[in-house]
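Before any comments, here is the structure.
As written, the chains take the letters A, B, C, D and E, and residue 1 is the first residue of each chain.
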Amino acid sequence: MATENEQQSGIGKQGDADIKRGPLERWVGAAIKNPKRAYRAMFYVATVFFLVTTLFPFYWLLVLALTPNNLISDMGLLPKGFNPEVFITMFERVPFHLYMFNSFVLGLSTTIIVLLLASLAGYVFGRLRFPGRSALMLGILAISYFPPAAFFLPLFELFTGGTDIVLGPVTVSSPDLFNTPAPMVLPFSALFMPLSIFILTTFYGQIPDGLEDAARVEGTTRLGALFRVIIPLSAPGVATAGVLTFISVYNEFFFSFLMNNGEASSWAPIVAGILKYQGQFDTPYNLMAAASIVGVLPVAILVIVAQERIVSGLTAGALKE
Amino acid sequence: ISSSDGGDGGDGGGGSDDTETGTPISTEEVTEDITIQLAGDSRMSDNIEGIREILYDNGLPENITLEIIAGSQVTNNRQNQYQQWLGSGREEPTLLMMDSGWTIPFIARNQIQNLSQALPEDMISTVKDEYFQASVGTATGDNGDLYGIPLFPDFPTMQYRKDLLRNAGYDDSDFETWATESMSWEEFSKITKEAMEANSDIQYGFTFQASAYEGLSCCDFNEFMTSYGGAYFGNPEENLFGPIGDRPITVDEEPVLESIRMVRTLINGEDDEHSLDGITGNIAPEAVLQWTEEPSRKPFTGGDAIMHRNWPYSITINGAEDVFGEDLGVMPIPYGVTEDEAQYPMTGGPVAALGGWHLAMNPNAPDRKKQAAVQVLRAFMQPEAALANFGLQGWIPPRPELLDSEEAQEVDVIGRYLPQLKVAGENAIPRPVTVVWPQQSSQISTAVNAAYAGEKSPEQAMSDLKSTLEQIEQSQ
Amino acid sequence: MATEQDSGDTLRDSSRSGPYVSAVRWMESLSETQFAYFLLSPALLILLVIALYPLIQTFGYSLYADQLTGSSRLGQFVGLENYVALFTGARDFALPSAFLPGFSSSFPFVTGIYSSALMVTLLFTAVSVLFETLLGFVQALVLDQDFRGRRWVRVAIIIPWAVPIVIQGMIWYLMFQPNIGFLVGSQGDPAFLNYLGLSYTPLRNTADSLFLIIVGDVWKTTAFMALLILAGLQSIDRSLYDVARVSGASNWQQFKMITFPLILPTVLVAMLFRTIGAMRVYGIIETMAGCTTVPSLSCLVVTTFNNSMYATSATVAFVTAGLIGIVVSVYIFKFADAEGGF
Amino acid sequence: MGDVTLEHVTKRYEDVTAVDDMNLAINDGEFICLVGPSGCGKSTTMEMIAGLTMPTEGEVFIGGREVTNLPPKDRGIAMVFQNIALFPHMDVYDNISFGLRLRKYDKEEIDRRVERASDIVQLEGMLDRMPDEMSGGQRQRVAIARAIVRNPEVFLMDEPLANLDAKLRVHMRTELQRLHKELDTTIIYVTHDQAEAMTMSDRIAVIDSGQLQQIDPPLVCYNEPANLFVAGFIGSPSMNFVDGEVTEAGFHGKNVEVDFDPADVGVSPGDDVTLGVRPEDVYTEDEQAGIAHPTKRIEATTDVLEPMGDEIFVYLLLSEDATTSMDDASEGMSDQLLMSVDPDSSITEDQDVSVVLDRAKLHLFDTETGEAIQHGIATTTTTSTDSSTPAESDD
Amino acid sequence: MGDVTLEHVTKRYEDVTAVDDMNLAINDGEFICLVGPSGCGKSTTMEMIAGLTMPTEGEVFIGGREVTNLPPKDRGIAMVFQNIALFPHMDVYDNISFGLRLRKYDKEEIDRRVERASDIVQLEGMLDRMPDEMSGGQRQRVAIARAIVRNPEVFLMDEPLANLDAKLRVHMRTELQRLHKELDTTIIYVTHDQAEAMTMSDRIAVIDSGQLQQIDPPLVCYNEPANLFVAGFIGSPSMNFVDGEVTEAGFHGKNVEVDFDPADVGVSPGDDVTLGVRPEDVYTEDEQAGIAHPTKRIEATTDVLEPMGDEIFVYLLLSEDATTSMDDASEGMSDQLLMSVDPDSSITEDQDVSVVLDRAKLHLFDTETGEAIQHGIATTTTTSTDSSTPAESDD
């Protein structure tokens, strides 16, 4: 075909239409012309920039933690004084490890529930076509339009035994779950689920049909294919949904503040623990800062673990198509 | 309990189905072992052993164990928490530590026990007769009944650096005078200015709190205003706690405006468009406009300020040996006009905004627990217990007479400043707490902060505020 | 191969019985629609009880008057009066005060304070979502590279998202607190940012506060974007890049023609939820500058809720949700395009 | 058992009819090849048998049971997918053993079978590779192993050997045939390789545009194609077609004439017919000796020569004005003829040659309908002696 | 220009050496087929030429320029990928026009070219389909169109026709050849189809285990394979091999003897050699007439017959105790011989036959090294008359 001369083709003649490019393209284009080095340099600049901007507030937090509370004023970039005992004091003042444990359990159980239910829903929305799909998705999305306060009162009634449930002839009042994990985990599950459903819908929808077909021919049910093939292949999406959910729960403070009495033994979460340091007027910023640093560690660990999944682009080599 | 079934479309109406909060409680001793939960704060829970000891020493039967739930110290969070607990009729906790600044809305909702009817007469009369009156007022309902036992009051004072003032030529005799005889704002500002000039390395003259928050409307502004003879709702003796919608709104009166001009002068200097004559300017930093207690205290504790208005907790901090020790001076808040010159009773003079906490009882608690709770309350009320708590936790004893006691003077640091506190306590002005106060408070603090910052003229700000407050009053 | 008879793998297989097997068989026999609804049922059930039921109740609340005294939370039935009051400005006194009074009349259906809250919220949303998306995109692209130590860089970039809002508020609050943080000075001793126009009391100044709040939110929430976009990037079949490269695509062209379209659905989901989240912003405002300085829509909901004005709170919540719905519909149309049938 | 029947099966996508009223009866234990041009609906047919695609109309039976709505796992099938579809997150061992693990076979049994299967596909020692670390052919072999490791009633194989080299393909062919014999399963097999279809299958099903054209044993399809389509499709290179007309004397095309009595073959003068002859049935004069019933000589010029090693394809131009267009040679163009000659032949390009056709191997089709009319046109003077009996198989 | 040179190119993955010290010089405008068993490194070689994989060692030159570290886009290549790899989010038109749009061709030019290319691959009317709405073969054709729509210096095509039916494949073959001629580009082409390799390429490069075995014109590879591997690999079915020993009299295998003077062919008595003969060079006695220099008769029994339509493959058992194992026939087993006969042949299964081999078509290999020793063993009495000149091509 096409015997005519193709001027632009061939080695080194790629200088096509530089004129029409926008600044960003030109910038990228320039970086490409000066091979790899410009590109690498750009990359390192970006990396360092992000590292500095994201980590600086943590450094500030560390500065605050190490400075004795009385000296926290007119702060510079270095701690005034050096008071590492604060990391011990913080556990003496408040059983912070218990609060961390509570948050961890709440986060984990919510994440499991959400991932499970949202996986089923994501599979349905991402891979099946059925009447009512769009309406349901919009409905689920709409739930997240509401501020948490809009859910609170009825749920509080429901979870503290204040709602009458009519079961045919008998009417029972709802169980009193105050100070248990349930009145937190359930609302979290419901309120954070829409995000996960949407994430998983997108990811599950992108897995080629061929792989699900192969699994089904090999003898799985549709659900089996979901769990054995689609979910593992969507690992980045699933891990991301999980991390996002977990972190949201870990830090949630509306329901988790009001659905228990704030004691570590009543499943109060980490934020309640941090606020415990605060006195009526005095605020030991150093303790709070130390607690925050400690409190963030489990999430850091979780991210380290989960990222192995997040960065496992796995579809290579699957299909010839 | 059916306190909130409006959503079912039913009996949302006028509050006729109020919970019975007034049944008398048996004062017999409970015989079995019983644990009473008290919703307190983390400071209390840190000191729980000591508190128990105090209570047992003061007649609490050993079979009653007190347990503390350490609620959040972010006070309006705690209020919200209590609203949910009491609003949904939970039985626990039995006793609740309530801010004097928001006990009244709970009374209005019939959510706490009417102690006048439930407690023995002797306890009630002790409170009514012997406690700081301002405190008692904030625990009293429309009907004059008592709903909470003041646990401790809180009064701000003016702290200062004796060492710095000495540099400006003042001496111990002056300090002694100031301790009980308040000075005027004119004098205060002049002295501060002098001290600033005498100590040029000191950054700030006077630090206080003027961020747009509850602390401004309840306290700082309230103090400034009242010290100039102004009031929110006319005569405080009559109108402080109501009747809502049926009282004058007087925030646009001249004394109030003067107090604002005074603050603007302190911050911006005498050539501010709305300065107040006689006040020496430029002694407070603009930063006060975004300071609450702690940020304002930091520079003072850090040695960067001469004068500082704050609550007693900071006296303990600043008077510590490793901070200023004996160099910390304390005096009552300065006045704008004297009591005699003031238009309304309770205004003028060295007023101090009233803070502090009450103990209230959960009406839904089972009778046994209520009985035991009465014992706890009784133990807390003992003068010995109050003094012991003063030592243990820094709770200022709720009865003025106790501030004269020897035991009180022995308390570390703050024991040195009891006369000043007593003056403050006797001149305390409560905030006008009603059910609409939370709404009014945020409008007040915004308006005042804007006026202080010079975004609006004092007249404009206050007349706008007046109409907003009017609407809020009328909405009920 | 394998001549031995194995019964596990034949048609007879389906004649085995047992509750599990028959449950599986029942499930597989459902039509696609039935199967879809069957799988959705647990999620829908929990959403029904934990989300829909309270919303219906709360909507009920919004039809009553506020009641501040007496043990009942609500006053008498007033129908839609609360909504009318809200839109006509008749409820302004009950809400945190206005931001920029000049905007009062710029929205056709909302007046007064509500319009200023709407303004604040929209401004916050537009700016923060824009920056979070852009920065998140770049961060994701950086993290998508293979380089030594990237797992640590990744943690570093994601970790702001893990900071509780209370703490984030504290961090920024202290940084911008005169005499504590170093980012704001005083007249006598201006700090770097003051030269750039930051006031000496930025957290009481609505414009400065909004700016700082946006910066804070971008700092924290960019990670959310980055994480999702990174996941999207990771799911792209790498062989497509080989094809593109051989076809002569420059890096920019690969991005434009392969990467971008393929992660567009993910980006849209991320932006969608970020927009919703931003429209509901509350915590960071409350902890940094306070709702009185920067009243957002959610601020109004929470403030009125905390003031026991449950009916007003419910009303504001529903109006807010409605407004979010309107804003978000933009995405829904986009999403429908990108996904091929939403 | 493993017999598979499609009854009036149709599959329509929005505007495309992929499979059109297909009726197909495959016996238990049979080895059937589906062949047909790209896009004719072979894969779709397989998917419907597997239960992966629901027919728009019609019913599918396996082992006598209606399975139209049965899920794939209950159909007793194993499938090699055209697009291979390995599970990218599993190594080779896990990919192959997937179906066995699902069925909870014990470890040793799985090991044994996987080893056996990987032996057959010559992937020993690669069991712990991930799919993206393998070559295309290796992946395809994993896919085959994954299917043959199980013992289903029916094997569906969609171009399973497409990416394998000739030698391996021959090896796999024998292995599959052995497997077929040993397990006695039904195998439905899609291939584009004529050799595969010819050697392996019991019957070949030729599909065009979603419609079944012919289903018959390989040699029947080759020697007695039911219509023009099958004739042109089976055999590589393709059959030569010459359009023409029936005259009283027999066939009259532009450059080719064949004498016969129209009555003998059931046509009448004036009918438009197409004559078909395979390249190997075109002979040069020198070779003429080998055939019993040659046609008249046809004068031609050689055009392009394609030496294949074991034979040479010679493109003949029949008339002066013919153009070189190898491509259209098989489309009933009367100007060209493809001939296969021995590699030793001394034939060169642009050489004038006379060729004859083997009458016994001529095919006559109705030009309009494409239906076959006659296979093998014996001379009127000679009795039919060809090895294949002429037959009207217009299935 | 488009000449491609690999110098000592090696590619190692962790424990696998995919390409091993490859030296390859491809001239500008040449059409080279890479052939070799599955996994021998063909795709890897292509990827290194394309710049998608970096060689572990060695250098790549295109047009005389070192391009080892040049990105693919600057190499002036177009490629058809073995795994097809269509862009799933683009319709056919967008997929095909991808490279043109990158270069900002104007709309009409793009339209024209896309139409042209889609015509060639016979996808007219499908331009607005999405990849997942197409059959395997259609997708592959899109991939081809995507490459040929551009005019690069070098085309790399990795099994581009694997999923196409025979007829379409023939068509594509001609089209690609035409393209090659018209554009005068270099084409490097991987295929498993012998016919493709034979007909299309200027030279065939035979690769085994990452090492280049022979690169020569197709007929040279066919007739004068450099070694046992090439001999066995090229040609389908494969060449017959008979292991044996050189005696004074010539070749002595278990069932086969060939007389020659060892000195003539450069071997000495006692050497282990392997005799190779292609199936088409095995003749029955009846056919013996056709060849000039037959060997001695070999007695055999026919075993399996594989009719292919245009020929029949006959598996011969040479000794009594031989077992039927078609599979191993080509691996130097002296007990079997594969023969191809005319489809008209009357040969049947289990029939005793005598066969002869064409001496001119015999190949002699060193059993140990596999290197070819001699192609065509003329009798000592006769002067060499074979069409192919014996040559030692041990490249």
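Operating definition for what follows: contacts are C-beta pairs under 8 Å (C-beta built on N, C-alpha and C of every residue); 3 or more make two chains touch, one makes a residue touch a chain.
This structure is a prediction, so every number in the text was calculated from the model and none was measured.
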Each chain counted as touching chain C and chain D at once: A, E
Contact-graph distance - origin chain B, target chain D: 2
By count of C-beta pairs in contact, the leading pair of chains: A-C
Central chain (by mean CA position): A
Greatest separation from chain E - chain, by CA centre: B
Rounded Å distance between chain A and chain E, as computed from the means of their C-alpha atoms: 55
Centre distance in Å when chain A and chain C are each reduced to the mean of their C-alpha atoms: 12
Chain B and chain C: spacing of chain centres that average the CA atoms, whole Å: 39
Whole-Å gap separating chain C and chain E, where each centre is the average of the chain's CA atoms: 60
Touching two or more other chains - residues of chain E: 71, 73, 82-83, 85, 103, 136, 150
Multi-chain contact sites of chain C, meaning residues that touch two or more partners: 9, 28, 57-58, 61, 73, 179-180, 237, 239, 248, 250, 310
Where chain A touches two or more other chains at once, by residue number: 14, 72-74, 153-154, 208, 219, 221-222, 275, 315-316, 319-321
Chain C-facing residues of chain A, complex: 14, 24-25, 28-29, 31-32, 39, 43, 46-47, 50-51, 53-55, 57-58, 60-61, 64, 72-77, 113, 116-118, 120-121, 123-124, 128-134, 136-138, 140-147, 149-155, 158, 186-187, 189-191, 193-195, 197-199, 202-203, 205-206, 219, 221-223, 234, 236-237, 239-240, 243-244, 247, 250-251, 253, 270-271, 274-275, 285, 288-289, 292, 295-296, 299-300, 303-304, 307, 310-313, 315-316
Contacting residues of chain C [partner chain D, same complex]: 1-3, 5-6, 8-14, 25, 28-29
Sites on chain D touched by chain C in the complex: 62-63, 65, 69-71, 73-76, 99, 103-105, 113, 116-117, 120, 148-153, 179, 182-183
Interfacial residue positions of chain D with respect to chain E in the complex: 13, 16, 35-39, 42-44, 82-83, 133-138, 140-141, 158-159, 162-171, 174-175, 192-195, 198-199, 218-219, 222-223, 232-238, 278-280, 290, 306-311, 313, 326-327, 330, 340, 343-344, 387
Chain E-facing residues of chain C, complex: 237, 239-240, 242-250, 253, 257-258, 261-262
